[in-house]
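All chains are identified by letter, namely A, B, C and D, in their written order; residue positions are counted from 1 within each chain.
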Amino acid sequence: MKLNTEELKEKIVNEEIKFYEVEGYVDGDINKATVLRRKALEKMTGASLETIGNYSFDMAQTAMRNIENPIGAAQIPIGVAGPLKVKGDYADGKYYLPLCTTEGALVASVNRGASIITDSGGAKSKIFRSLMVRAPVMKVPDAEHAVKLVEWVEEHFEEVKAAFKGDEPFVWLHDFQWWILGRNVFLRFRADSADAMGMNMITKGSEKACNFISENLPWAKLVATSGNMCVDKKPSAVNYLLGRGKTVQGETILKRDFINKTLKTTPEGMVEIVYRKIYLGTGQAAAYGLNSHVANIIAAIFLATGQDAAQVVESSMGIVTAEILDDGDLYFSLTLPSLEIGTFGGGTGLPTQRESLSIMGCAGFYKDKPPGTMAKKFAEIVAAAALAGEISLCAALSAGHLTTAHERLGRGITT
Amino acid sequence: MKLNTEELKEKIVNEEIKFYEVEGYVDGDINKATVLRRKALEKMTGASLETIGNYSFDMAQTAMRNIENPIGAAQIPIGVAGPLKVKGDYADGKYYLPLCTTEGALVASVNRGASIITDSGGAKSKIFRSLMVRAPVMKVPDAEHAVKLVEWVEEHFEEVKAAFKGDEPFVWLHDFQWWILGRNVFLRFRADSADAMGMNMITKGSEKACNFISENLPWAKLVATSGNMCVDKKPSAVNYLLGRGKTVQGETILKRDFINKTLKTTPEGMVEIVYRKIYLGTGQAAAYGLNSHVANIIAAIFLATGQDAAQVVESSMGIVTAEILDDGDLYFSLTLPSLEIGTFGGGTGLPTQRESLSIMGCAGFYKDKPPGTMAKKFAEIVAAAALAGEISLCAALSAGHLTTAHERLGRGITT
Amino acid sequence: MKLNTEELKEKIVNEEIKFYEVEGYVDGDINKATVLRRKALEKMTGASLETIGNYSFDMAQTAMRNIENPIGAAQIPIGVAGPLKVKGDYADGKYYLPLCTTEGALVASVNRGASIITDSGGAKSKIFRSLMVRAPVMKVPDAEHAVKLVEWVEEHFEEVKAAFKGDEPFVWLHDFQWWILGRNVFLRFRADSADAMGMNMITKGSEKACNFISENLPWAKLVATSGNMCVDKKPSAVNYLLGRGKTVQGETILKRDFINKTLKTTPEGMVEIVYRKIYLGTGQAAAYGLNSHVANIIAAIFLATGQDAAQVVESSMGIVTAEILDDGDLYFSLTLPSLEIGTFGGGTGLPTQRESLSIMGCAGFYKDKPPGTMAKKFAEIVAAAALAGEISLCAALSAGHLTTAHERLGRGITT
Amino acid sequence: MKLNTEELKEKIVNEEIKFYEVEGYVDGDINKATVLRRKALEKMTGASLETIGNYSFDMAQTAMRNIENPIGAAQIPIGVAGPLKVKGDYADGKYYLPLCTTEGALVASVNRGASIITDSGGAKSKIFRSLMVRAPVMKVPDAEHAVKLVEWVEEHFEEVKAAFKGDEPFVWLHDFQWWILGRNVFLRFRADSADAMGMNMITKGSEKACNFISENLPWAKLVATSGNMCVDKKPSAVNYLLGRGKTVQGETILKRDFINKTLKTTPEGMVEIVYRKIYLGTGQAAAYGLNSHVANIIAAIFLATGQDAAQVVESSMGIVTAEILDDGDLYFSLTLPSLEIGTFGGGTGLPTQRESLSIMGCAGFYKDKPPGTMAKKFAEIVAAAALAGEISLCAALSAGHLTTAHERLGRGITT
């Protein structure tokens, strides 16, 4: 039975056709289904969804990878900060930062930090580790078997690597870490996923590796491909300590003069903020991370560039250091142990997201450079951007004009 | 000197005009400045920013509150899950959930959880606490003065409340918690901010309260309006334990039959996943939260509805319980200690965001009900939605068809 | 059948008589049973237990309260450090510190810290909170009942207090904190236990309070008198943040001159150690506490004075602050959030332990002062002693002579 | 000037002779000095120190290694629990457990757990890791140099190992872990220290290694031999996750029948306690460790056997698992990630302590087995003992007779 659009809409409204069934009634036409769902939803809820229906990407293609039951898109403003001079092993130059946020004063704050960093000669960025992680949990009879499993994987690691890789071209298992609790073995696989954040590839690889293990050790049973020691999208000591994705540091030396003139404060004043607010306050709060508002910058860049917004959770854990050098200038650094990003795959291919990456010269991958080079460049820029945010906020607090600035702008950064 | 558009663009490209100065050259016309910045940025970086320039909200109004140096907007797909039956003290009915994400399979997963919950009679939601928090740090001479400060605030609390409130109509200081470390006093002010998330109002209130304290106790000096014991946008034990924003729980009883038929697993199988993955895995990882992927749902709803994306960090800390009842059905709950949301203010007023809130009947505030009622309704729906996500993923892992499902959809939920 | 000593011993050796049954064969004579067990154990294991058999307390009395299946006693050396000048609300004078340890250099280290503190005018000690805690967990049908339970306890708090107290003369319930997770309610009862550490009294009180609740709310069932949110003898954020026992701070101002002359270092050097080792190192380690070796001093005093050695775990969490004052002197403080001690009850009544308390004038309780005064005095001294240990070690590291000192003494403090 | 005893005492009382100077006045006679100090202290404080003066070890020898300013010894009762059947790779047999404590009911509790474990066939113990750790912090100019330092140590690791070892016969550097924060490099050296706990040897080795590094990389400066990422005597995620000392697990399968008859409860009841109290309660408390009272057993064995009492802090972090097997029996395990113990060195050589070790056949080292064998045997016994304590307490709570038992004994275990 062929239904016309209005009839279809009515059936959706009456829940005779479920949202996920709509495509089936319109010959798989995703765009048509998107409109139908939106129209039905308007009727069901009384909400107008006009602006959600206004978007400029191809929903048909998007719905293959990024969304189900689409009805349209959210629009979130993007502002630009910079230029920010970054000197890393992969990024080298002045970069403009697309920041997608609805929090007033944030772009202005990063901009101010970028300005003084750039004036002082730029931020240096350095990647310490770059491996994505998935940790399945397997069940075994007892501790003796648990140890056997670990030893077996160590002894057959080349085979496990091959099983993990399968025919996936851009993933390579690097090593694994392990924990045993009772009859449970957690294998924390660490892999290189080139320019992709890589979670899907590595999840599949982990499952293939565990299946290979079970085939050889039939008493070992895969319980869950994620055993929560990965640990994805939960704030945890394991990632804070061992890293996940990129472990990267941004650092800079700010001239005392610039701090006085541009930031209207002193190196001593900024060190005091770091001491009282960041070390004592965050320390007593038992937070993962010693920083003031890294998450603001991480979230803003993640949204602009199509990263996984839920991974802001662990990507924003960061540790600040601040110390006055012998010549009176201020050394300031920010270390991000667990920055999970990619320049390819996931949401990075959507139009506005890809454009945002292009602003930094970070879209996709380099054809003439080793896999992973683009993502590393991006990580270095992100670390420097978050550093700019930290410096700006610490300076503002130190200068005591935080609220004043907010009031002028009619709003404030929350930290 | 009046410059034409092309000349202005050139000057921006050459960094003679800074991004934040552009409005000054176009008579404060924000829309014109937005175009200029975008065009200049295209030239500076070689990036095409065509889709970023495609948006349907009024940038002039937006830039007053939500962004600086705007160049346009990101578009992120929204899918819809549901209906989800929720029975709370504020929400009561079937709700459709707008989920803004680029992670394939997420909407489908929540949809599946919503379906079985609704079939089993719905989720109950309950708010345990509802107070937003800001914790300034003040410096005093020593412990004796620190104790005096705390006692003084206790004794003069009505006056402190008045100072905190000022003439802000929708904020009320409720109480405060305190910590002393050396010469530092952290006052953790807890306030009701009605239907707004409230961070800005409460930051201003905190500063006014501290100024009032300093006026009376001149030896007490405000160091930072946020002393990082709030603690905003950092994962921390303090919010995990004491809450921030809403502390809310969703719970449901799933029929054994439905678990068998719809989820293709058993209550025992789901309890095992919770035990091995969530309690042991997350426990050993030293995570704040015992759950599998709450952050996915929180992030997706936050982006759709204009919440602060950086607050996904603490809002997604959640604790799952799962237990088999005497009659063999499965009790499942999710507690969110620190859900920071609003239905008014911040990014909630942007068009697509407001439309998303409208889908759930949660935009703005009730004119005929007590302040805060709308935000509480929204919190109850969010808790039930995150519960749906947890149930779906635990079931999928238990049924062992997680990867299979992903492969069918060509992607996967990361957890 | 009456057995002679040798026959009895043989039967114990052959496991025909269990260790705990021995008293039954010797007319309840605990001293005789102690000897018998020891002799039998010597035969069973081939170990000589001569020195364990050498003790000077009355085992018969001890075994009523402090031990089962006794075989004798351990002897652990006590050294004395001090005098340490302490100015608190309860302690005021110069105190000698009995430190029971087998770690060489520890007494010398505390002694050095005590010396410079005393020379600089003494340490000030201040108690911020003083309440012992027990947190039972109760099971209820759902969240709605959970909230009802909490509200009921709030409404009937005077009755709950009375039930908690029973006829115990020296315990008073002060208030309670609560958490709900699924169908579980954790009630964290906080009580004053005068000069006793108080765990037993408060455990009994908690059980009585819960029974009273269950009688009135029959759907609420006590699961465990300790629901692990107390949390006893586990390092936890809850005690780190909310305290347990005494929350107490020691602080002092060290003269720059003395730091130079006595400690052979500078205020700047000591601040650097605090910054790099304590804030950054412990911060990245995700430790509860920002200090260097508080546990050494806490353990040594606990063993000397008959405190519960397992409570060193949470009693030793401490936060150091160090800052240079305008006049160049060094302010140094140590805050102990969760110091669990008593001067009465538990192991404090054993002879050597009571003597150790007497050295500080802290044995038992004051007959002419409010209950709890003695324990508070003791807490102030302990905080000052731990402060002395921190200062000494930070200074030693700063002066770079830590290993040298160890080598001279042929050993070292571990930190 | 030669002073007689009475004159000397007077001068000590008047603080003309400091405590640490006394030996200098009595020809270095430590025993004489001990008496003098004690007598002087009696006079100074009015305390009688008679029992502290009663001890049976040689203070002269002790004061060379374990104490300064000695005045005597504490006596703490020892009870014996067991036999406990242990099957490990190093321990194999029935063991009696010397428990040194002043907490009534503790020995009885462990005894009960040991009894049911032994009746059920014994506990299996397994060591997963065995390496002691020290983590110095070094200061370098910037991140680039920090990475260079790490790479240099990796490249020259054989030389660093040799420097670390020096001429110490029983210590071998195994590997190192590293973290960079700003300009600081934390090197976490992991070493085998045979049968000694090893902290002193490894501290010396770490300093030698760092000096060797500085000689080759003059821009790298050792700040502190302990940079608090070791992390000694502070509860921390780093040891919870990465271990320190022994990582060891005890496990057992308890027969359902025995649980019914001996423990008066059911496997289901015990699993419920683990679920509600240990997973939910400790989980919400954000504790390091998921257990009920491991610290009680660890502390009691540590005191009896001369371990470092301050290391109870991290040695007692433990994770329990409990699950019902297909045949209805109960699998129960306890994993201790960071058990820091030795059978040689430190306080283990004191007479009563050595006797306690002898009870378990664990004193000193094996002459005919590889170094470290004795300490590993001891670790296996300790893990099984702590497992017995966990089982006993969970059973008691489940059976609801915890308080009753306490009341009968006039006291209680605190947990």
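To be clear about the criterion, a contact is a pair of C-beta atoms (placed from the backbone, for glycine too) under 8 Å apart; a residue touches a chain by one contact, two chains touch by 3 or more.
This one's a predicted model, so the numbers in the text were calculated from it and none came from an experiment.
Between B-C and B-D, more C-beta contact pairs join the chains of B-C.
In this assembly, A is the chain whose CA centroid lies farthest from the centroid of chain C. Centre-to-centre spacing of chain B and chain D amounts to 43 Å, using the average Cα coordinate of each chain. Inter-chain centre distance (chain B to chain C, centres taken as mean C-alpha positions): 40 Å.
For chain C, residues that reach two or more other chains under the stated contact definition are 179, 181-182, 184, 237-238, 240-241, 280, 284-286, 288, 319, 321, 323. Put simply, chain B touches chain D in their complex at residues 237, 240-241, 275, 279-280, 283-286, 288, 290, 319, 321, 323. If you check the complex, the residues on chain B that touch chain C are 124, 126, 128, 142-144, 146-147, 179-184, 237-238, 240-242, 249, 251, 286, 319, 321, 323, 331, 333, 335.
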